[in-house]
Amino acid sequence: MKTYLGVDVGSVSTKLALIDEKNNALESLYFRTEGDPINAIQKGLRRLKEKISKDIKIIGVGTTGSARYLAGVVVGADLVKNEISAHAKGVNFFVPEVRTVIEIGGQDSKIIILENRVVVDFAMNLICAAGTGSFLDAQAFRLGIPVEKFSQIALKSKQPTIVGSRCTVFAESDMIHKQQIGHSREDIVAGLCHGLARNFLANVAKGKKISSPIVFLGGVSENLGMRKAFENTLGEKVIVPKYNTVMGALGAALLAKENIQGKTKFRGWEVSDQDIKCTSFQCKGCPNLCEVIEAHIDGKVVSRWNDRCGKYSSLNPQ
Amino acid sequence: MEKKTIGIPRALFYWKEPFFWPAFFENLGFKILLSPESNREIIEKGVKMADSESCFSIKVLYGHILWLEGKVDFIFIPRLKKNESKLEYCPKFFALPDLFSLIVKTPILSPWIDLGKNSLENTLVKFGKKIGKEKKSVKEAVKSAFLKEKEEKLKIKENYFKKIKSPKRKIIIASHPYNLYDEYVNLRAKKKINDLGGEAIFIDEVPISQPLEDLKNISPKFHWEFGQEMLAQIKNAIKIGISGAIEISAFQCGCDAVLKEFVEKEFKQAKIPFLYLLIDEHTAEAGLQTRLEAFFDTLH
Amino acid sequence: MKITFADWGNYTIAFGSLFQKLGFEFIFPEKTNPRVIEEGAKLSPELFCFPLKVNIGNYLPAIKRGADTIVMWENIGGSCRMRYYWVIQEKVLREAGFKVKVLNFNSQNLLSKIREIQKSNQISSWQLLGAVRFFFKEINFIEKLEEKAQYFRPREKERGQADQVLNETLKKLTQTTNLKELSELKKESWQKFSEIKIDGNKEVLKVGIIGEIYTVVDGGVNFDLDKKLGTMGLNVHRKLNLTQHLKGGFPPWNEWLLQRKVNSYLKTTVGGHGRQAIEEMLDYSKKGFDGVIHLLPFGCMPEITVRPILQKISQEKELPFLSISLDEQTAEVGMQTRLEAFVDLMKSKQQLTANS
């Protein structure tokens, strides 16, 4: 069977998805990047291969996510797409009537506005982690609650307390205080979810025309407490569709399928067993002093990037 | 004929002349609806609507104006440009009527106030014409509103002289009036200080006896209406013997980023303990209390 | 006295030659790069605007190389914080232990300061005039070069050629000392540009860059926005540049004309180039551009004030709009993602209009 692979490598999680020629999602994977994107990609490919039957052949690859270029080099991508367009593509296919997409991942969060299945506006958090999954992770750690349990705890709350949510540092002192004056754990957890929702709407989604149907994606959308917080704050129904955590990877696969010309650049399953390394050096050619990054596969330089002038990246095979 | 109602937001420019504007419009025969004291709902509305990088003070104003929307015949948002000494207001004040006309349907009343070019009386006479008020009645309204403003300011002054005789530890709070007098915004900093056994004095209560003389030696020459005055007031306050000083800035206040450098320097030179507080919608009472308590422990 | 100046994109070359021709020993500031930004931000007041922090970072290596005087323009007519740059920068550097002086020029002291310089550096009025003339010629040339590169980048058949010509020419420009050499360099570079093979039939989207002048002009702070967009296949336009800025007040009715154009949106100046941003956006909309990108330092007072107006114009005119705030915490990756998505958005909008 001929299939297309989508790989979405984010700072916190890595997602892989496989579609067939009729755009059916065959298989998907979601796991932590653990600070090592190359290893994560190799691990992902290994696991994917174990899950699928032998007759499956990959004839197109798309990568996305903040490590999309690196992923593209490692896997051998036919198409490298930013995660906003990739998510829009995926959600457009699986939830065609969608108007608003809220996507909250580990360190990024974004909002995408669509009209007639076309992206007309979008925004993304720039510097602050307060509107992202990392915020919940950090607070969960401090409360001693595994973040997976947030859902069930938050849903028990009847009166979410107000927790300052500008940044993880401020929230901490506020939260400790709330604990000390006797707010229940449920109310604090639900309060954190509401704080994150408010922060997202006030900063990332500022000025955007939010209209139904609203779709909620990303790792954080697994958390029912967050979904409820968005529904309460927006006063609208929020849909968490199937494939909510792997929509970017599916979008990348769909885009690869649409755009592929000729033979795929996919390096093959053996990528997961090769020795892949990235090293960097400082170019002293000009005062920019760029940190150029080099990718090596089995000791051979396969790509260089991160130079402003193109002295090294122009040598890459096109 | 039923009286028309003018809504005045209890935020930002309102606190610069809290007595003048309501008195002026009442004298002209309008009903006044002042938005309530800041509360969580108002602030949240403002934070939602204002540009996320604008200062907290502007966000608060957005909340108050949105509260007034639909409740009044007009909303009063003056265009404040320069004061009598040709010193500028914060440039974010310049465009307020334009920005709010994008989001509210209620007609906005916005006299163009550049007192370097036109006296307040002339400005308001011209403005009065637009809202169908005669020159004579406008002049009278201005006059009695001025009297009202003066009367209230006198009370503040008397209160100040009472305060400086107090045996308690006197703490100066330096900030803009819209931070000082809005208790929700400053998280009741004054009450917290007084509860800790201090005597809180707002910087704008400190008189400048001879403005020209007092302002002459201030450097740098600020082009803002509040810069030099505040530094002169700080110099005078230091003379009365204060135990500590606190500066409150609204998050993302661009002017304060400049001013802070010099305010801090004044107090540090005089070896007066100094605490800088940054406030916005996320500031938590608990954190403020902790910092104030710690600050009091450093005072001698 | 060894002087240095803030680095400001390619203009630094022209400022360097101006100060040298005025008889100063000029120490070139460090070009803006991530380390410069990091070091500058460390010393500067956290809440101050981003360009001031970058300036400090540019000065530090120059000070280590011997600079003892910093030249700064004090914008006494304007309403933005730039007029306090010189005081704050002097304070920050002194407090950090550097014995430097900031020489502040403003519209009131300009003539007397120039006379002082003429006296101390023994520069005749003739030499002064020559230096200023050369400066303006260089500025003009730099702007034209950047425009050429903006045109060729999306159209060149072999990627990187336009940038190669641009970089080579700029390098030669630093060695150019008189008008004759300058006009030869001009001829040479126009010739080289004309030799670049282009795809004439290629449909190229047009994007206008508006916002705060320092971030709009300097590739070091905006992560080479011109080049990024150019290699994604877009023709970049920037109306705002140093020449435009200096022309702003001459002739005096320019100011009145500008106000008339933006009057239905904003009735007053708000400092900086707030009004210009509105005027440029309206102009780009009229000229049928495919999108507008708004650049500003994080929290920039004039640009933040007009941003809601720009967003309104974007809605009214259905002109795609992307606003990017820059500061020491901005990550290039995030910017890249946003730009790519914005380009996709413009492309799909254009296809939609083409189909209907």
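Read from first to last, the chains carry the letters A, B and C; within each, the first residue is number 1.
Keep in mind that, in the parts below, a contact is a pair of C-beta atoms (placed from the backbone, for glycine too) under 8 Å apart; a residue touches a chain by one contact, two chains touch by 3 or more.
Everything numeric here is computed off the predicted structure, so don't read it as measured data.
The greater number of contacting C-beta pairs, out of the two interfaces A-B and B-C, is seen for B-C.
Averaging Cα coordinates per chain and for the whole protein, the chain whose average falls nearest the overall one is C.
The chain with its Cα centre farthest from the Cα centre of subunit B is A. If you average the Cα atoms of subunit B and of subunit C, the two centres end up 36 Å apart.
Subunit A and subunit B have Cα centroids separated by 45 Å. For subunit C, residues that reach two or more other chains under the stated contact definition are 308, 325.
Within subunit B, the positions touching two or more other chains are listed as 51. Counting partner chains per residue, subunit A shows two or more touched chains at residues 207. Subunit B meets subunit C in the complex at residues 51, 53-54, 79, 81, 88, 91-92, 94-95, 97-99, 102-103, 220, 223, 249, 252-258, 260-261, 278.
The touching residues of subunit C, counted against subunit B in their complex, run 45, 47-49, 76, 79-81, 83-84, 87-88, 91, 265-271, 274, 298-299, 301-302, 304-309, 312, 325. Of all residues in subunit A, only 66, 81-85, 108, 118-122, 124, 126-127, 207, 286-289, 308-310, 314 touch subunit C in the complex they form.
Contacts from subunit B toward subunit A in the complex involve residues 40, 44, 47-48, 51-52, 280-284, 286-287, 290. Against subunit B, the residues of subunit A that register as touching in their complex are 162, 164-166, 170, 173-174, 177, 198, 201-203, 206-207.
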